[in-house]
Amino acid sequence: MCRWMAYSGDPIAAEDLLFRPVHSIIDQSLHSRLGATTTNGDGFGVGWYGRGTTPALFKSTDPAWSDRNLREVAAQIDTPLLFAHVRTSTGTPVQRSNCHPFRYGRWLWMHNGAVTGFHELKRDLMMAVDAALYPGIEGSTDSEALFFLALTFGLAEDPPAGVARAVGLVERLARRRRITAPVRMTVATTDGETIWIFRYSTAGESGSLFCSTEMSQVRRLYPDLEVLRRLGTEARLIVSEPLRDLPGVWTEVPERSYGVVHAGKHEIHPFNPLPSA
Amino acid sequence: MCRWMAYSGDPIAAEDLLFRPVHSIIDQSLHSRLGATTTNGDGFGVGWYGRGTTPALFKSTDPAWSDRNLREVAAQIDTPLLFAHVRTSTGTPVQRSNCHPFRYGRWLWMHNGAVTGFHELKRDLMMAVDAALYPGIEGSTDSEALFFLALTFGLAEDPPAGVARAVGLVERLARRRRITAPVRMTVATTDGETIWIFRYSTAGESGSLFCSTEMSQVRRLYPDLEVLRRLGTEARLIVSEPLRDLPGVWTEVPERSYGVVHAGKHEIHPFNPLPSA
Amino acid sequence: MCRWMAYSGDPIAAEDLLFRPVHSIIDQSLHSRLGATTTNGDGFGVGWYGRGTTPALFKSTDPAWSDRNLREVAAQIDTPLLFAHVRTSTGTPVQRSNCHPFRYGRWLWMHNGAVTGFHELKRDLMMAVDAALYPGIEGSTDSEALFFLALTFGLAEDPPAGVARAVGLVERLARRRRITAPVRMTVATTDGETIWIFRYSTAGESGSLFCSTEMSQVRRLYPDLEVLRRLGTEARLIVSEPLRDLPGVWTEVPERSYGVVHAGKHEIHPFNPLPSA
Amino acid sequence: MCRWMAYSGDPIAAEDLLFRPVHSIIDQSLHSRLGATTTNGDGFGVGWYGRGTTPALFKSTDPAWSDRNLREVAAQIDTPLLFAHVRTSTGTPVQRSNCHPFRYGRWLWMHNGAVTGFHELKRDLMMAVDAALYPGIEGSTDSEALFFLALTFGLAEDPPAGVARAVGLVERLARRRRITAPVRMTVATTDGETIWIFRYSTAGESGSLFCSTEMSQVRRLYPDLEVLRRLGTEARLIVSEPLRDLPGVWTEVPERSYGVVHAGKHEIHPFNPLPSA
């Protein structure tokens, strides 16, 4: 299993998000407590919005805990929106092009979970990707495939619908090949302004997913919390596992739901696959 | 451009093939004289037949000249058939899964050249790959695509025909998209017993390719050549560029031809693309 | 903490030692059960005796569990004596020159543990290394420093005495700087014929260390054990943690002792630091 | 041989310095024209001053031309002072800790050249490094050794004198061992405000070194030069080889001299080794 973390809010030093928390995403790459594997050492990636029109990506196959360049760069970057992911491979090669987040134009995408039977399904899934989008696929993971299917089905116009149709397609093709429980996922995707998160599995056993409560509530609960001095009022963190044990700060995202995080607000809605036709 | 080297003959230390020659393949990774680029530092790979039924592969994105493990391992390996390749990327990522040689079962494949317009053609080419073979594709190069197309068209039963149909398909699909001169290639492929080599380009500008003459002739020309003590009577070397400047030892493989190297014999035949239908 | 494994016996496929056991050293790089850390992902190394007069070394900073070349090479190597080590850094950089085993001439050395206060002691320790040996130091670890100190104090002539004086020196210099409990170690070293192992810590809290019992006894206990078909009568395995849970097969090496493994025999003796003067 | 580049002036995007020039430092890593080797593929490093009190370092053993993360990060960084270096190893391992620039506190240091006989001299040189500074040495290069010797001899208070004494020491110790022409160097070092450059070799065969002329003069010569729109009036570039062929823009730094670059000014002075005692 993988672990990921997304931040939205006032510009903050990437270092504060990646390295300072007690159980940071970097710590989770080595000592994950909630995932199927304790270690996520098959590569990592950080995507953030800064200069220019498209997000920057720093990805590497080196384990996150020992990457010195990540530490150096994180100390130099301020950003209002950041994605970070540490990877455990579910079979595909450990290479930079298979590290998350994936990028297409202004969009970023990261995923924890798997498409069961991806080896058998891959050809059909690749053929369902829009011909104009297909050349943008760089790696060989099920995660990137899901992303490009979502893009094919209109992620950029209606993200929940695009993802719902992508999942619907995978499930339909899996049924045809008698593959059960094909989809397990917690996904985060963003256009740099809004973050959409998804927690869904065909058989209902998704990885964990939490969203931080509103900053005003966090301040009420923990007025002396040192980190609050660096976080603005609109700060939201979405995580595979909490960065720190603080009761009342983390709300679990339910199974079969999606969330929309924007300008400090967080709304949850039901999520169901859609027919892709 | 890339450089490659193939050896067939009595078992020989891999170190003697890779590191000893004056202008070895390792030296060519840094100081190529005949290629479009002097440096081939986007990864390397060595495949050889030893224990077991399938060949072993040592591939890495580290430049060949500085890889210590390659040196160490090469000193420990004896083999009757070895492929070695140093890579210059023509656009696809530098990652182990994009290094040559590629392997499928007992087969190895390596390539110098490119499929022009591969970005546009890739989807069609991938769809032409046999559905049972498709999951075996690990990387994203045109070289690996050509290999799997050749396998689809019967490489394992009739290698020249398989390659001819693969090239024919690429050229047909390229014409449809008004891509000119789509194929440039020197290719070596083997099942561990015989090596088939190909030199062909749609527009006739293939990379260089040479085959060593029969050992008996080499000995007549250069009776004191020190390396001959390590080479048996059936030794044959096929190279992108000569390992050493020795007139009479290297015979250029003509454009639009293929060769068959087996048990010390080397035969050249004309090569032309075939319709793939 | 690190994990290591040493084998001595009839030639055996490296693959059988590194990958087949239920809880192999490769598995221990990801799921160590007895060490201070569950993961040892800061690099790995394998040293073995084969062709030539000096042992071969395959070392890499990539985590052992995902290194494809290791798998490929291990399937091609037979050896009567092999060292394997997976590393957790105690502060020095993750780089190939800091991976174990270390090599000097025919000697290999690997270490689990640390020299506390190495940062303060390093200069004095380096100055104690024989001037002729000093240029052979490639990395920056305490483990390599211990090795070269042992070599300085006569490892090649009398291994237990060489190591005892090296440890004695470290403890003496540490006392001068009021560093307590400076040495923690389990060490294996070999000249390619005999393996010497050491389990010692100034404060008596060494990492775990086990040696397999005589093959004849293993066969008596587990006559149907499949792996026995590949192991000869002289096979001995020395491990940081058992490769498989088989009561009666693994004997713990006591604290403050050293062992000598040769031609299937294994003798334990007390170990104490010696004055280095 | 290596290649390096230093920039001082108004804040500029790192991408504009590293990637845009016709013959950028990245291009020089692959196609150097003036150095002893055309390729500098044994690692690269970029150091720059931005947030915080110490400079940031991005260093890697991957060849600079294919490092995607470098490209991504360079597009996100603005800096008034940047060092960049591409490496060809003169014998020491290819590892991040051996890539330039080296850092100590606020200081950066990079070097093109070598200390001949470093293998024999290293122990004596290391012993001459101040005991308090010694633990800061991470790698194994002659370049880093020169840096720490210069620091030992007062680089932070009087850079030219510190470097002169360091060189003097090396030459004195080399004479003792009958090593001729021990030092070849072009060096750049900075505290984040001023850059000191050095061009000196015992035998007078230093690598090439050029400094750009004052921006006002460059504008007079080439009023339409597109890049000028991004460069402020105080911009200065110091390079191993010119980034672009523009007569009148590059002034060669003479042998046996040092330069001081600060606030757009550039002064050259004679450089001679000093006794280190």
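Letters A, B, C and D mark the chains in the order given here, with residues in each chain numbered from 1 onward.
The working rule: contacts are C-beta pairs under 8 Å (C-beta built on N, C-alpha and C of every residue); 3 or more make two chains touch, one makes a residue touch a chain.
Fair warning: this is a prediction, and the values are worked out from it, not measured in the lab.
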| item | value |
| --- | --- |
| Listed pair (A-B, B-D or C-D) duplicating the A-C contact set, over half by residue number | B-D |
| Degree value of the rotation bringing subunit C onto subunit D, based on Cα positions, nearest 5 | 180 |
| Of B-D and A-D, whichever chain pair has more C-beta contact pairs | A-D |
| Between subunit D and subunit A, distance of the C-alpha-averaged centres to the nearest whole Å | 40 |
| Of all residues in subunit D, the ones touching two or more other chains | 68, 93, 96 |
| Touching residues on subunit A, where the partner in the complex is subunit D | 13, 50-52, 56-60, 68-69, 72-73, 75-77, 96 |
| Subunit B-touching residues of subunit D, taken from the complex the two chains share | 30-31, 37-39, 41-42, 61-63, 65-66, 68, 89, 93-94 |
| Contact set on subunit D toward subunit C in their complex | 93, 95-97, 119-120, 122-123, 126-127, 131, 134-135, 138-140 |
